[in-house]
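Shared chain: chain A. Partners: chain B in the first complex, chain C in the second.
The block that comes next holds the complex of A and B.
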């Protein structure tokens, strides 16, 4: 099958679900996760996310590679919040003091962000951009935004190639980035040239589409109806999320 | 061969195109009869691409008349029909292939022509199979090789059942194997064509007559030759009796 070409080698149980189900599920998981007020609620949300991750079949290596981007920000928060949020000091060294509410805030943010990221990842990581786009469109996202996303997916690799070629051509003529006017002017030209080429590319794509009878509207595909598996998954998730909210509010 | 009373597919009459004060086409006249396979040769920048673009209304002439399929064409609405019947193969395949998967891209034209989705996809599959490309159907367009991209682009315009193919440097940057395959496919098609190319072998195989563009003009000696050209060009090499 063509799935091999898309790089999705893992057979995940979520693969069988409709893309719309997975999107709505991910969105509800994120919303519930960030609405947790108590520490126990946040920990429970993170546990739930870990369970989802396990179910999705995503390996530890893949997960950690993707999480790296997030954790950079988290470390910054962990350092900054205790120093900046006012409150009774937990620790102090010299002129710096780490406040108790600051630490609590940092921990709660880190728990929720990780829970949200992990659950989104587990539900959406095997979703091809094409299916994601269609699902977004059928969930009522404005079609312009969806088309923008689809064209971005299609043409970003061409843009990147173009940028790489330009940079290589610059280097081939001895360019090395240094802190001087010449460097900045060169980067300016590079960005300008990329913009010009992108606009030209967009015009040619538009012409090619008009040559095949395009008149401003994409014929949209009909949606397949949701299956029983979708409904079963949706109900189970709703029950779990309700329990999570209950635990958070009444414990 | 062509009956004199046959309506030409495309007729340009005294077309002049100016871009930023420069004459890109200078009073060019040209006729494409049904069955013609016209080679357009000439140096870079002579206006060959502009010539094709003018025929389908992508380039607006500053003066002159474009007639296509029996009617004069002026507005974009006029040209919409022309573009479906005179299909243009772009130089850069990436400009044309914008759909995520191959089969969707080939179905794009038929869908725009009003076919139901199932029928359009079926049409796309039939076209791909006709070109021996059915295995590419589910592939992601941006991951195809350069040669595959060009062939899929051809499928994308053939699926609209055009009468005329406007081929802009069809063999540009293709390897020998794909040039061979493309030439074979085109030779087997029962369609009128205008082929802009520097590639002599493909022109020798395909063209029934030739014109030369130079400095924004069509060379008149060649232009007026068309009734006699069939005598000395060896075309239709055993490919047209199916």
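The block that comes next holds the complex of A and C.
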């Protein structure tokens, strides 16, 4: 499915691990990362995330695009923090001054946000949505939520293609997207058209499912038992995380 | 815009957001019939697809949140719909966060659900132009609600964020206007083409 890795499929060591192991590992890694209080703890968490990235076989170039997206979102906060947090000035120009605690706060956010994103991407980026759904179901997520996710995975790429076709048709008719009412009306119609088409598609899907006697349950392949590799990886990660927490508390 | 990443919010805020979102999801799932799942999911997929598009605004561009519109069409099912979409986004794209999933779900879904609850019956009865105005106002308010909730989550996490949070609210103003307009035109279109889409979801249909 096109939601997974956008580039070529990478044969990573993590691919051998069970999806449940990868999910639990990613979640504990992120939890430990965001709980770091000291600067040394945060730096260590980022280093650990870089090691995971290395192990995952994803290249820094592939992930930097994702990171940019995250940074783009956080820029407002990062720019504002040094200017708004009170404290002794580190640097001042004109009416603005960058306070020391503000800068420290911004640095700590940059460190832990990046560490968390890298950890998530390296463990989960290449996980196929179907495996993810099955793993979530066996970890106790309600079945209706899992069904919803499987449907969303299945249809989001389809509807994205449909939306792309509609936008291309708009451009072919000379739509330029200038700053005026016509633009918003066109986008409103675009969203409306997509909704109408998708609800009509849903009716067809629903009829087809009834036709085949859908009873509210999808057959799902059973999970294979956890292997030795899963346990080894889990224990190693637990030890590293315990060490990280120790470093953070006693530094 | 409303996706707070991991590593920004404090523990208590993350836990509170998680509990509130779980409550909303549980309530919505109980009301959601198995047979409504394809409709809910495919409509969510459409919203998801639209929110990935950048809408041009002069030299810049924005991504639509669509919370108000989702609330009008999906009702309380907006909670699981947003949760699942955010989960996929954070796992596949590293966008958003795992620990902040609950907070982000709640911040986007609650204003949308409220708009849906308050305005959907009136919009179902109203004429196309009146429905468009109502939906436009509702959607702008839903964006404002989400912006406020994001700012509140930041401000509750640390005093350091309080001043930044106030400035961040201002950045939601352009999105409010655009989303109100797009949602208004969208509802006027849907009212003419397929009005039953805006009728309250029939129970156990």
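Please note the rule applied: the second predicted complex is superposed on the first by the 237 of 251 C-alpha atoms of A that agree within 3 Å, B and C clash if a C-alpha of one lies under 4 Å from a C-alpha of the other, contacts with A are read in each partner's own complex, and residues count from 1 in each chain.
To be clear about the criterion, contacts are C-beta pairs under 8 Å (C-beta built on N, C-alpha and C of every residue); 3 or more make two chains touch, one makes a residue touch a chain.
As the structure is a computational prediction, the values presented were derived from the model and not from experiment.
Visitor: When both complexes are superposed, which of chain B and chain C contacts more residues belonging to chain A?
Guide: Of the two chains, more chain A residues are contacted by C.
Visitor: Contact-wise, after the overlay, does A:137 reach chain B, chain C, both or neither (first, second, both, neither)?
Guide: neither
Visitor: Could you tell me if A:153 is touching chain B, chain C, both of them or neither one (first, second, both, neither)?
Guide: Touch partners of A:153: chain B and chain C.
Visitor: Classify the contacts of A:52 with the two partner chains as first (chain B alone), second (chain C alone), both, or neither.
Guide: neither
Visitor: According to the stated criteria, A:125 is in contact with first (chain B), second (chain C), both, or neither; which is it?
Guide: Touch status of A:125: second partner only.
Visitor: By the touch definition at the top of the document, which applies to A:213: first (chain B), second (chain C), both, or neither?
Guide: In the superposition, A:213 touches chain B alone.
Visitor: Examine A:201 and indicate which partner it touches, taking first as chain B and second as chain C; both and neither are also allowed.
Guide: Both partners.
Visitor: If I apply the document's touch criterion, which positions on chain A are contacted by chain B in one structure and by chain C in the other?
Guide: The overlap between the chain B and chain C interfaces on chain A comprises residues 129, 151, 153-155, 158, 201, 205, 209.
Visitor: How about chain C: which of its residues touch chain A in the complex?
Guide: Going by the criterion above, the answer is residues 1, 3, 5-8, 11, 14, 25, 29, 32, 34-35, 37-46, 48-50, 52-53, 55-58, 64, 66, 69, 73, 80-81, 83-85, 87-88, 90-95, 97-99, 154, 158, 160-161, 163-164, 167-168, 171, 178, 181-190, 193-194, 197.
Visitor: Under the definition above, what is the set of chain A residues touching chain B in their complex?
Guide: 1-2, 5-6, 128-130, 150-151, 153-155, 157-158, 201, 204-205, 207-215, 219, 221-222
Visitor: Show which residues of chain A lie in contact with chain C when the two form their complex.
Guide: 3-4, 26-27, 30-31, 33-35, 63, 66-67, 69-70, 73-74, 76-77, 80-81, 84-85, 101-102, 105, 109, 111-113, 115-118, 120-121, 124-125, 127, 129, 132, 142, 144-145, 147-149, 151-156, 158-160, 162-163, 167, 177, 179, 181, 183-185, 187-203, 205-206, 209, 216
Visitor: In their complex, what parts of chain B are in touch with chain A?
Guide: Where chain B meets chain A, its residues are 56, 58, 80, 83-84, 87-88, 90, 92, 94-96, 98-101, 108-109, 111-113, 117, 120, 138-143, 156-157, 160.
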